[in-house]
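Inspection log for the structure reproduced underneath, given as structure tokens.
Lettered A, B, C, D and E in written order, each chain numbered from 1.
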Amino acid sequence: MIGIDVLTDDVRLNEPTLVEGLPGVGLVGKLAADHLVETFGMVHYANVHCDGLAPVTTYATGDRSLTTPVRLYADAERDLLVLQSDVPVSPAAALEFAECLGGWSVDAEVASIYLSGIGRERDEEATPALYGVTAGGGGERLTDAGIDPPTESGLISGPTGALLSHALRTDAVAVGLVVEATPGFPDPEASAHLLENGVGPLLGTEIPVAELVDHAGEIRAAKRRLAERMEGTEETSSQARPLGMYQ
Amino acid sequence: MIGIDVLTDDVRLNEPTLVEGLPGVGLVGKLAADHLVETFGMVHYANVHCDGLAPVTTYATGDRSLTTPVRLYADAERDLLVLQSDVPVSPAAALEFAECLGGWSVDAEVASIYLSGIGRERDEEATPALYGVTAGGGGERLTDAGIDPPTESGLISGPTGALLSHALRTDAVAVGLVVEATPGFPDPEASAHLLENGVGPLLGTEIPVAELVDHAGEIRAAKRRLAERMEGTEETSSQARPLGMYQ
Amino acid sequence: MIGIDVLTDDVRLNEPTLVEGLPGVGLVGKLAADHLVETFGMVHYANVHCDGLAPVTTYATGDRSLTTPVRLYADAERDLLVLQSDVPVSPAAALEFAECLGGWSVDAEVASIYLSGIGRERDEEATPALYGVTAGGGGERLTDAGIDPPTESGLISGPTGALLSHALRTDAVAVGLVVEATPGFPDPEASAHLLENGVGPLLGTEIPVAELVDHAGEIRAAKRRLAERMEGTEETSSQARPLGMYQ
Amino acid sequence: MIGIDVLTDDVRLNEPTLVEGLPGVGLVGKLAADHLVETFGMVHYANVHCDGLAPVTTYATGDRSLTTPVRLYADAERDLLVLQSDVPVSPAAALEFAECLGGWSVDAEVASIYLSGIGRERDEEATPALYGVTAGGGGERLTDAGIDPPTESGLISGPTGALLSHALRTDAVAVGLVVEATPGFPDPEASAHLLENGVGPLLGTEIPVAELVDHAGEIRAAKRRLAERMEGTEETSSQARPLGMYQ
Amino acid sequence: MIGIDVLTDDVRLNEPTLVEGLPGVGLVGKLAADHLVETFGMVHYANVHCDGLAPVTTYATGDRSLTTPVRLYADAERDLLVLQSDVPVSPAAALEFAECLGGWSVDAEVASIYLSGIGRERDEEATPALYGVTAGGGGERLTDAGIDPPTESGLISGPTGALLSHALRTDAVAVGLVVEATPGFPDPEASAHLLENGVGPLLGTEIPVAELVDHAGEIRAAKRRLAERMEGTEETSSQARPLGMYQ
């Protein structure tokens, strides 16, 4: 079985939205994805077998069943899918995942929301900037959700950049959310802001983020090593960067 | 001849269990595999010719016959196979081995037991933690054998991780045993514990481990260089790692 | 969609000229290309999807639409195309682009103008030397435009060298303009000279360059990091070099 | 012409024995092969063209004819072939050579003798240990020649290991001789012992080795640089290594 | 157009001799080739398009036409071709060139003369040693021209080694001239000696070399950087090396 191995027939999805949470700057995507899975009690919906991914297996506390390190979680009630990863993902493996996704037997097209941080220091109380970009249309959805267009020119790289590049190439509908995040550290506040003012309005769902904000310090400590490791390997770390005044 | 070259027609196996013992953390798998071969007087059953393996040959004291560095040993009475390796094995070569195994002319499916250490210091008298995970079912067998589910989330990499990943992908039945082991040193006690409380109950066989425990000091000295070399090359060293609170 | 994805049917081009502006010595090509796009208010005509290019996406201030990092801009009135890039381009990706270009549904052959700096220090007031070379004919066009032949022997490498090499191999008509430029720094004056006395006469169009010259200091400051990065990676930086007296 | 280019029709071989002398520990194989060629006045029988070999040519004093750096020499009277190399040979190139050898138009199967040193310091007067191993049968021939089975377990790597691994995989008859040799230095005494008590008895021929022993000092000095270079690049240096008590 | 792109129909060649002048030790081949082209006023006969060559273009003073960096020059009167290169050539690209050459529409087989230096210091007044080797016959031609056979055993590597290896493999007629040259510096005297006593007699033509000898100092200074660069990258630098007394 190469590709996406759906584990259950019980979950019925209708035009679901996929929220991607691959590791990157400030870990904003991964923190958001993990938070969604936990907060909404999402079920492990599919294992992802792609050739570019590390040939490793993962397991969770109290559960004997081995899983792939990249997985999909589902919430039928909210027609929501979340992509979660325990390993770095190369752009090539991300592209393969994007191609797998096309062959899927769901009731309708999957609309995707891709998350990326843009590294920038900010004052303790400042709200991180947040803006939305799109491929294959989808701009109205962003406007309706009250998400601003970009206030600077920029470039998105890493696995998330590859997924958006694939959407652009294949005319798939995709939305990208870019949020300012502290580089080199996990940034739970930026992730909370991203969920509350970006993902939530897009999904038409309120996402409680108190836990992320209240335990920001602990999360920052617990995930610091992971954040540092991700920043070190630019290729597998999703990030947006400003293009500067001229370029 | 690419693949598994069975050397003898004399050994009749019926739904055999394969115990894998590739080098990894604490050498627990390799020590266990070597111990089984010696203790049960298992016969050299097959040479393993896979493209990813080092193109070298091995020989044993007093025996002129050259052998492959990765070999299968068999014990017909116990319907047992052991995979033994004298060289590091890459995940790619492990995958090829897994595919070879499928084409085999044995009386029934082979059920596999994969062994991995998880590096962690422990007190001299402490019993190392041991838990079992599965792919493609097999959980009952673990429960029946009194082996606990994992008490933490984790990730298994190296050749053993690749073999378990392959089992998960192909829906093959596989059991993984993870035991705490001293990182960077051979850990015969952990290996003995793994055999006595993991492999033995799964096989329904008592495995005498006194020799491993009694000669632990000598074994540790004799295999130290090998253990160090294995730890240095993460890719060919099987190991489990905890995933941490959030990731 | 692999190749050149034309975004609009509204632009009618008739035997257009393509001006290439990939990053290189003194950034003369990139500065010239960006300047043409801005000064002539050119429209984003096509996204360029080539396998060798970085799998990233870009966006501009105030615009939600994601774009490829390498793009074509068009000016129907002047029958002009400009190739603009926000990322380094390898010679291999440049070759692929050259092959894509052949399959294009335009009214006629595209004649190309390739731009390259040749690194050389010069006095503040000195006019940089400028000369033109050709593949597949095109010499008359240079003579008519009053552009001198080279006054030294030289070699053009990087993506621009690859594009000219491809033209030579396929008997395509191509013109190369080589201008002296300060190595390691952006050189807006050299780029202005290139536009005013090279590209303009070839296109039969006056190109206002006051902005490039007047804001040379700011541009130099803003683009310095980009220029340094480009020089560091010789392969993706287009440049001409003198071959010396004998070689 | 890819493969083995036989240069002469004059040499008639009947079930010849091939002695391989690729560079390795103590240069024992290469010294033995060169000595056989010179002592028996063997003729240059074939050039070896294999893709993995360095694309270079060689020539000898007083002879205008260019040759391949890997060559076969023949002695029709003794039904003997010797493989000589002036360049390092990778295991991959060795495997290709092994496959070429199969397509050969000789009167009968070629039986091969492969030579390897096992690095170990020894006292000046001590006789180096020597033992024989086999693939595809051939043990009787060793017993008849009075060559002992191995007194320790071991692993043969490098190009000689690859050739023996190929023989094992293809069920070809092959004999391997392993002799103790000083690591990092040419060891003409070990090579002489190998010829006198290993190769000679196997061929049923007396091989005069006085020259090797008498000029040991000169040979050691002349070949020292080559020996050092070979040891540095483990992959192209044939060697046997003990596997240790447990592994 | 992959391969050799002949630019003119005007040059009629009848059983021409090709003199190769790729960069190598002492730059003897390149200096000789450049000298022949200039002294005999040879015409640019063909561009060489091979995949392994750098994708760059070259141009000459006062000439707008772009050229490939590797080119053939012809002298119809002397039935002479010269291979000139402005870039380093890898052995793989050299092999491809050798294969291109076979498909050529000339009146007869091309006989090739390959040039290589062998690095060795010599006294100011000493005449550098010069000898000739052959593949596929051609020894008589050397004897007739009064060129000695080698006075030592040796090995020719780099692109020239690859071309000679290809000739040997394909039974093509080829002559190799090896001349002593100062390593790490351009050696115009060695090149002059090579032309006067090697290439000239083989072609049956007197080659005036006064310019090379008289301007040796200037040439040495002008080409020093190129010579150093070539020596640094052993693979693309043609050279002969002695094999030593035994090997």
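Convention: a contact is a pair of C-beta atoms (placed from the backbone, for glycine too) under 8 Å apart; a residue touches a chain by one contact, two chains touch by 3 or more.
All values reported here derive from a predicted model rather than from experimental measurement.
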### Query
Which chains are in contact with both subunit A and subunit B?
none
### Task
Starting at subunit B, find the fewest moves between touching chains needed to arrive at subunit C.
2
### Query
At the subunit B/subunit D interface, shared numbers over all numbers used: above half (same) or below half (different)?
different
### Message
Rounded to a multiple of 5, how large is the rotation, in degrees, that superposes the C-alpha trace of subunit C on subunit D?
### Response
145
### Query
How big is the gap, in whole Å, between where the Cα atoms of subunit D centre and where those of subunit E centre?
37
### Query
CA centre of subunit B versus CA centre of subunit E: separation in Å?
59
### Query
Since the chains close into one ring, what order do they take if you set off from subunit C toward subunit E?
C, E, D, B, A
### Message
Taking the touch rule as given, give the residues of subunit A at its contact with subunit C in the complex, in rising order.
### Response
91, 95, 132-135, 139, 142, 149-157, 161-162, 164-171, 176, 243-247
### Summary
subunit A contacts subunit B in the complex at 1-2, 5, 30-31, 34, 47, 49, 54-69, 86-87, 219, 222-223, 226
